[in-house]
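Presented sequentially are two complexes of chain A, the first with chain B as partner and the second with chain C.
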Partner chain A sequence: MSTLAQVLLDGLLAGMLYALVAAGLSLIWGVMDVINFAHGEFLMVAMYLSYWMGFLAHVDPLFSWVASGVFVFLLGALTYRFLVSRCIGKAAMAPLLATFGLSMFLKNLCLNRFSPNFRILQSTLLEGKKILLGNIVIGMPQLVTGIFSLLLLFALYFLMKKTRLGWAIQATAMDREAAELMGINTDRIYLLVFGLGGACVGIAGGLLTSYLAVHPEVGSLFGLIAFLIVALGGFGSIPGALAAAVIIGLVEALAGFYIAPVFKYVAVFAIYLAVIMVRPKGLFGW
Partner chain B sequence: MVRNMKTRKLETKDFIWIGLIGILAALPLVPGLIGNSFRAHVLILILLYASMAQSWNIVSGYAGQVSFGHSVFFGIGAYGAGMAVVTYGLTPWPGLLAGAVLAALVSLLISYPCFKLKGHYFAIATFAIVEIFNRLFMVWDWVGGALGLDYPILPDGWKNFVWSETKVGFYYGALGLFILIFGVVRWIETHRLGYYLRAVREGQETAESLGVNSSAVKLSAMAFSAFLAALCGGFFVQYNYRVDPPMVMSLDMSMKFVLITILGGVGNFWGPLLGAAILVPLQEYSRAYLTSLGSGVDLIIFGIIIMLMMIRQPKGIMGILQDLGIKTGQRKPEREEN
Partner chain C sequence: MQKRKFLSFVSLLVFVLLLSAGSALAAENVLKLGVLFPLTGPCATAGQRCVAAVETAAEVINNKHPELDVPLAKQEGILKGMKIQLVVADTQGKPDVAKSEAERLLNQEGVYAIIGSYNSSASKPASAVTERAKKLFMCGCSSSAALTERDFKYFFRLAPTDKTESKEFVEYIEWLNKNQKAGIKTIGLIYENTEFGKHAADEGKAAAKAAGFEVVADVAFNPGATNLNSEVQTLKAKNPDAVFGACLGGDYTLWVRTMKQMNWLPKVALNYCTGYQDPKIAQQLAADGNFFMGGTGYSPEIGAKYMKKVAAVEKIYSKKVGVPFDSDSIQEAVALFILAQAIEKAGTLDVDKVAEVIRTTTFDSPLSLGGKVAFGPGGQNMKATSIITQLHDGKYVPVYPPSYAETKATVPMTPWDKR
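Then we have the complex of A and B:
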């Protein structure tokens, strides 16, 4: 029984982090109908930044996530300004392929500069700390990351639903031209959305360094899982992303424990395909 | 638009095509061109990647269903030939055929439900399928698992389809594949199926209202495409003497099908060849000559080119040629648009 609880808890915590990564992608996808293929690589960049800050300047990931978030916000905004805004509306797949080119560029640049070695940050503040609940072990880094991700998701949801900026973003998502006529600078909204999407994944990456090794390929799997979560939850929906991320996290943990570790992603992708066949636009999509 | 299908006259495109094949077939006779094995390697890869891209072009270019799952079919073809040789000690030929037929069947099974999905949802479903196949093949002992299959040493010749001394045999093998696939696409393009495919791409509802069975058309395009992609996979494994899951069934391999076609010109007969003729030398020579700059430089350059191309002209090199006012063998533009 406690094994099951342990597995479920691990899945839940992983799911909360996935939700933050996916929320950034979902925001971009929902507002602009653009798949940011470099999303996983944004995460990798954030992780490298956080790693080097910890390694060279001894700033703990608990604090350096701010810098990672800001950095990837800027990276996202620059990506929009110089790449995505120039190929939006030209051909259906152009933004996706352009960001794929960016992902290839970032991944191989890090490979070239930092070698393919796995790097993990030693002696962080939370390292090795854990909470014991009976037989259940909760790692502090995972717990803090999970809860922090959840809080940020709530903040993002609040931003989207309760602030004028959020309304402007929603208006732009619904009908760009009409929003433009209402005096919303939609180009700036797009820029901001791309930046915000980047900031979400940047913060997630910054926190992740406290327990996960960074290497040039680390973003690929996260990126792929984020695509699945967004498609599963329905694009543009933050609660959808959270629900889908928790499902994915739980399926991953359960399949990894009860079937075999190698099958955990097979199960994740199979669940996705099964759901998408029944609801082609995702659980919360319309 | 409606022409007599049986008495089709040869057009300029056909003459260019026949001339091109003649030149390519005569290339090994030029001294020093194929003798240099690196140059031969680049030429073989151009023909192979052009063929792969053209097979993808059938379903994604002409029929507009952008698939990121072609490495699955490619991989099934590769494993067909590889297992015939390594596991069963046969020649690769029966495995090649079995792999291609199996790939076509798998493509039908996968596509039938996935064609219900639209746009990005279809693309992401195909990503998921690649990952599932990749991970299953990694742990499936019958197909060699993560270690893959390594070829034994075999006598050279067409029977085993391996050559260790010279690459001329592989060159003609790749040329045969190239002629087959481009020939099939040319045939499709000028026959009823090609018009149906483009009609479905431009407007599925309109095409259906005119009596086109759009799902049958898309499925047959997918089956053709998967069959031909699997043949390319079979060639690839013969050429590399080994196969493992990340080599053939990965998102990176799928992206090769996509990128070469997109960079050349999607939905265009010459696009895949142009894309391969530019990207393959770029990739191979930068890999060979820029090693002093460290690993990954070829892919950094590749990434930059993709970004620049998408910014400048998402229609690819064909689009650039059209911008420059060069005739690209598309007889009437209004047949391609709308």
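Then we have the complex of A and C:
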């Protein structure tokens, strides 16, 4: 029984992390209908920033997530201003290919500057800390990331549903021209959404360095899973991203333990295909 | 004015022609070799070090190094002054890319031979390309035994195979049971789901079963995973006494850290040619990496004691990558030294004659543990040896065989909460 509880808990915490990574992508994809292929690389950049802050200035990831969030917010905003905004309204694939190019640029830049070495931050405040509930082990870094994820998703949800800015974002997502006629500066909304999307993944990256090695390839699989979550949860839906992420985390953990570890991604993609066949909009799609 | 323009044009043309003639003349005395490794992707760290090792060997061979006591160091080039020119290519760690890059190196770059390719899954298709073209493939550290079971004529591999290492692991466990009363009865395996990982696991299982150990956990995972929770959870639930690991790079660090998070360790963790041997990873894992073990063909500590001639060569290598040789990269340097010695001995670039020299000669190899290299059937280096080391504060301390052992291994490994 304790094994099942441990597996479920691991799945839940992995799902929370995925939700944090995917939330930003969900916003961008839902509002702008733009696939940001560099999302995984944004995570990598945030992890490097957090790592170097920890390594050089001894700032713990528990604090450096702020800097990572701000930095990737700016990176996202700049990406929109200088890359994506020039592609919107052109060929449908243009923004996708532009962000794909950006992802390659960022990955190879880090490969060139920081080498492909795996970098681990030692002696972080949360390192090795755990809560023991009988036989069940809860890693503190994972727990803290999970709590951050919930708080951030709640804040995003609040922003979207209860603030004028959120309404403006939703209006822009529904009909850009109509929103402009209502006096909404949609270009600024897009800029902000790209920045916010970046900030979410930046915070996730900042926290992740407390328990994951940093290297130029680290964002690739996270990026892929984030796409899956957004499609499964429904484009632009924050609760959808959370629900989908938790489902994926749990399926991954249960299939990995009870069927075979090598089967876990087969199960994850099978669940995704099954849901999409029944409900192509995703679980909570607009 | 017209005349001036015409003269300028003719001068430019003559200059360009002279330049190309110069390079053509220079090219006559250059031997192009393909260096095919993963320079991007999850194994890029290891790949870049392998390239640096081959470059180091080329530097030693191409220039006079009277201070070095290694073959060909005291002369300039091979075959009376022929310089080695390396053409580096990237496999990305992918078999299909390795194959197409091998084809490009042979057909477009016109290389004489290829050295590569770290991942067994990449070496396999790349060497099939060279074999068809009747060109040499010198493989330093790919460890899948299947590579030398294909009866290829132009493929030669320096490192010990997974089969050899598996037998050594099992032999060591039996020795531990006898001499340190380790009480190891069950074995678990954790490995990446690739050509290398699967083959290592098969060899590990076969060796363990042959010696009467029970294999209780067989955990394959997809390399580059976001977490290894269910993998470690599976190991923890089956609780094997010893674990054989085949996890490369970042997966190795994730495996170690997930075991720490789940507060579980086997009595013994023995690693194939993996992240364990990477000195940078050992440094990054710091105390968490302590007491893990693995097969090691080289470490600075082993070098200082048994391979004293390496240190001077290592200085050149360290300048390139900032770390000393490791068990994998040093084999790639050896691969080039052996190829160059064979060409020198054959006195010709005829591939068949050089291959025959490689097959029939016992080479002096100060960069190899044991000091000699000689190839057997399938192109496997029959003199390849590795010893089992245990990490103690970032140092690879030999623990087996007894003739090499410097200390008694910490068995069982010290639990996480008592470190």
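In this section, the second predicted complex is superposed on the first by the 285 of 286 C-alpha atoms of A that agree within 3 Å, B and C clash if a C-alpha of one lies under 4 Å from a C-alpha of the other, contacts with A are read in each partner's own complex, and residues count from 1 in each chain.
Following the convention adopted for this analysis, contacts are C-beta pairs under 8 Å (C-beta built on N, C-alpha and C of every residue); 3 or more make two chains touch, one makes a residue touch a chain.
As the structure is a prediction and not an experimental result, all values here were calculated from the model.
Partners chain B and chain C, brought together by superposition on chain A, clash. In the superposition on chain A, A:V262 contacts both chain B and chain C.
Touch criterion met: A:E217 reaches chain C, while chain B stays clear of it. Judged by the touch definition given at the top, the superposed model places A:A253 against chain C, while chain B stays out of reach. Within the superposed three-chain model, A:M277 lies in touch with chain B and out of touch with chain C [touch as defined at top].
In the superposed pair of complexes, A:L111 makes contact with chain B and with chain C alike. Of the two partner chains placed by the overlay, neither chain B nor chain C lies in contact with A:G15. When the two complexes are overlaid on their common chain A, residue A:L97 makes contact with chain B while staying clear of chain C. In the superposition on chain A, A:G234 contacts neither chain B nor chain C. Within the superposed arrangement, the part of chain B that overlaps chain C, taken from 56-64, 92-100, 146-154 or 254-262, is 146-154.
In the superposition on chain A, chain A positions 108, 111, 116, 220, 260, 262, 265 are in contact with chain B in one complex as well as with chain C in the other.
The touching residues of chain A, counted against chain B in their complex, run 29, 33, 35, 83, 86-87, 90-98, 100-109, 111-113, 116, 220, 224, 227-228, 231, 235, 260, 262-263, 265-266, 269-270, 272-273, 276-277, 280-282.
Residues 66, 113, 116-121, 123-125, 127-129, 131-132, 135-136, 138-139, 251, 255, 258-259, 262, 293-297, 299-300, 302-307, 309-311, 314-315 of chain B touch chain A in their complex.
In the complex of the two chains, the chain C residues touching chain A come out as 40-42, 44-45, 47-48, 193, 219-222, 224-231, 233-234, 237, 249-250, 253-254, 257, 260-263, 275, 280-281, 284-286, 416. Against chain C, in their complex, chain A makes its touches with residues 3, 6-7, 10-11, 14, 18, 108, 111, 115-120, 122, 128, 130, 132, 137, 139, 141-142, 211-213, 215-218, 220-222, 225, 252-253, 255-257, 260-262, 264-265.
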